[in-house]
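The structure under discussion is supplied below as structure tokens; questions concerning it will follow.
In this document, chain identifiers A, B, C and D correspond to the written order of the chains, with residue numbering beginning at 1 in each.
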Amino acid sequence: MSFETSVGTSDADSITVMGRDLANELMGKATLTELAFLVVQRRMPTPEETRLLDAVLVSLADHGLTPTVLAARLTHTGAPESLQGAVAAGLLGAGSVFLGVVEDTVRFLDALGDDVEGGVKREIEAGRRIPGLGHPVHRVQDPRTPRIYAIAAETGLEGPYLTRLREVSAAHARQTGRELPINGAGVAGAALADLGFPGPLLRGFALLARTAGLLGHLAEEMQSPIGMRLYREVDERAKYAPPTGE
Amino acid sequence: MSFETSVGTSDADSITVMGRDLANELMGKATLTELAFLVVQRRMPTPEETRLLDAVLVSLADHGLTPTVLAARLTHTGAPESLQGAVAAGLLGAGSVFLGVVEDTVRFLDALGDDVEGGVKREIEAGRRIPGLGHPVHRVQDPRTPRIYAIAAETGLEGPYLTRLREVSAAHARQTGRELPINGAGVAGAALADLGFPGPLLRGFALLARTAGLLGHLAEEMQSPIGMRLYREVDERAKYAPPTGE
Amino acid sequence: MSFETSVGTSDADSITVMGRDLANELMGKATLTELAFLVVQRRMPTPEETRLLDAVLVSLADHGLTPTVLAARLTHTGAPESLQGAVAAGLLGAGSVFLGVVEDTVRFLDALGDDVEGGVKREIEAGRRIPGLGHPVHRVQDPRTPRIYAIAAETGLEGPYLTRLREVSAAHARQTGRELPINGAGVAGAALADLGFPGPLLRGFALLARTAGLLGHLAEEMQSPIGMRLYREVDERAKYAPPTGE
Amino acid sequence: MSFETSVGTSDADSITVMGRDLANELMGKATLTELAFLVVQRRMPTPEETRLLDAVLVSLADHGLTPTVLAARLTHTGAPESLQGAVAAGLLGAGSVFLGVVEDTVRFLDALGDDVEGGVKREIEAGRRIPGLGHPVHRVQDPRTPRIYAIAAETGLEGPYLTRLREVSAAHARQTGRELPINGAGVAGAALADLGFPGPLLRGFALLARTAGLLGHLAEEMQSPIGMRLYREVDERAKYAPPTGE
């Protein structure tokens, strides 16, 4: 009984990745972004798709000293010999709270169907936040959003998800009289969905982008460490509260 | 007391990554590979550097159903709701045994200094393997090696590491009468070092490349799972050997 | 502004864990199991609680060459220098598929309220599996189940979760005419809930138990490795299926 | 070809762990600590061994808001739905910097042979720190150390590692005129070695102990979160330093 895979294989003379000769057809011709598209969608992206995907990945790569970046840096503090451990720790916090919006936005748009006004109304009445709208820092406009829409327009790749997300935003503004910006996570999710990536893989592209960002933080941590200092300060400011009520 | 970082920051209207305006200077202009170079080396790569770096990353992204890929797939079997956990598990095995060669090659070249013949002789006499030479499958030639050298030549980026690695290979052949191919991990390490990346970060770029490859394997695992079947078979073929000698 | 914690603190002369002097009140007096209970529930367990908790932990520690054990062993194959990475990889697959039952059983019992017959009927009619019932290998009886019930009886700790789980099993047998054994994961979840652990922590105790089991597997992997051989065999039996349909 | 293991197996009616019937011989009879000893050493510990091992594990379980605890809490902030990810992140920093001492002490004692005075002299003259001596907080005495020695004496389990570590401390004091306390990590390593655990597994027992401690921190994080507040504060105090010198 065999284990079937289409991702990669090799023999004495050649290496194959998703049906392409690695040395002759991919190395020197494809970028890492194109390779990531290829191994997931099983075809090479067009130059337009690559441009939009790179823009999305670049938009997701870094958000400063986030909880996941701090987790990676603190892990490096204790195990500097295991860079893979620090990177892994930096990815493990990429869950529902931060990356959820990327996926939730697409799920919401999927569930919405064509009745945008009705769907938005339902959420507002139920007092639920609409995924993809609003940002704690970028209150008026998330700078990533118009850029993704501009690149999607230039490349002719604005598809149903990006379009509907804009309709959702407009419907929300109409119904509430309050403009909430489409946030960068939401627009990234919609763009990845329009690029044809399935729901469960959206988070994967955010992880790929963040790995790049983590390399920058870990390179900086090696030069100008924050981890040990952060720990020391927390330790000094720790206030011990003996357990009560036994 | 502040926490200083040069990687990224943001305010209400803008996001900055390594001194560039994310929306206007990076999105739509830089690829993920260029961004990874930027955040680590703190400058944009030239087009030639990007081309060589992409070739290296693409060469490292996949090696079929490796132990780390199997770890990622088996983790997905148990926790399909946590893609980040499966990716993290797939990175954690990227240690001394598989990725060691990338780093060991550069360390060996660093330690070698200018006396290539003497250094190689010392290793041969001590019965040690020379890192970067030989491959269990690609016995005559690793197809990635001439391709990296060709791209380095085209881009004018063959530097001291790539050159010396070739000298090491030639010295080894002269002294032993046996040609061992320069392997893909060794040439990748030398190319990354010639691109200016410091030793402790070399592994990081292999991790970035593998994250892309892992997305392909996890996408495939979602469609045609191997993990559960592999477990079931191992379980059936497990032979219980009661502990002895108490 | 301080960071408040009740878990632990130390000064020049003493170390405190959950309000106890580590050296004088805990070391030599408390077991690791008692310590785990203490740090989560903020009080020492009674001897009876310790006995039941140990029985549950021991019952969850090992299940042979499971997917998570294989992930840990394969990670060790690539990074033997990072035991923490192998253990982490072995925990990351402890998600919804395998450990879900522990939590799902408790959630189901919580949702059930007092109408056991009606709740069970609803599940059967909806064609849903009842969490905690049935096991692919232990078809007649899971040997862990009567043991946990016996220890709970001996210690006087059979509480509402364990009791109701038995009622669920009986109701299911009555309604379907088919006896499904209460499985080890379900009974472990119910016992942990009766011991007073909150839902989100149940999985944590399974992780603690598995860490112990993983040490056994990794010790064995160091002596008689399976990882590399498993990889080699999968690699040999891999059948490359070029992507189709572009 | 089979996959041989002695850790565990099961059939329709029984589950076996390291040659024992899980339900009848281990559950209700063995503690988690005994089980961990059993799966690694392939025999049940004596009551004395269990007592010493529990004391060591309890001594290693918590050290307050350490870098690894902060990494676990920050991971929980982003992915509260994946407790396994937070625990894994909390283990990944258990590397050379913090846990190294446990292993380094044993390695040093192994290398020392019988010439304690000479070996200590060599380290002092070379300006190297002697692993296992000195503690940044417990400058006069680490409270864990006399306790482990007392329990080892009571149980008759003070073996060559614990004895030699005391000789090293005395030789160091004689030669330098300065008393450095034996620290808790060093004494734990020596005790684990005297208990018969092999070098590469010492770290594993520290990981097991820390998993228990992490459960306490994660339980507390669910009730009184620190992660988000820590991130917010770091973010506010982050000072952006644009990269220079291009």
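We take it that a contact is a pair of C-beta atoms (placed from the backbone, for glycine too) under 8 Å apart; a residue touches a chain by one contact, two chains touch by 3 or more.
Source: prediction; values computed, not measured.
Taking each chain's centre as the mean of its CA atoms, B is the chain most distant from chain C.
Chain A and chain D carry the same sequence, and matching their CA atoms takes a turn of 180 degrees, rounded to a multiple of 5. When the C-beta pairs in contact are tallied for B-D and for A-B, the bigger tally goes to A-B.
With centres defined as mean CA coordinates, chain C is found 36 Å away from chain B. A straight line joining the Cα centres of chain B and chain D is 31 Å long.
Here the CA centre of chain A is 22 Å from the CA centre of chain B. Among all residues of chain C, those that touch two or more other chains are 1, 3-6, 8-9, 18, 64-65, 79-82, 84-85, 88-89, 92-95, 99, 230, 234, 238. Residues 1-6, 8-9, 16, 18-19, 42-43, 79, 81-82, 84-85, 88, 92, 234, 237-243, 245-246 of chain B are the ones that touch chain D when the two sit in their complex. If you check the complex, the residues on chain B that touch chain C are 64-68, 70-72, 74-82, 85-86, 88-89, 92-99, 227-228, 230-231, 234-235, 238.
Residues 1, 3-15, 17-18, 21-24, 26-28, 30-33, 35-36, 38-40, 51, 54-55, 57-59, 61-65, 80, 82-85, 87-89, 91-95, 99, 137-141, 143-144, 146-148, 150-151, 198, 200-201, 203-205, 207-209, 211-220, 222, 224, 226, 229-230, 233 of chain C touch chain D in their complex.
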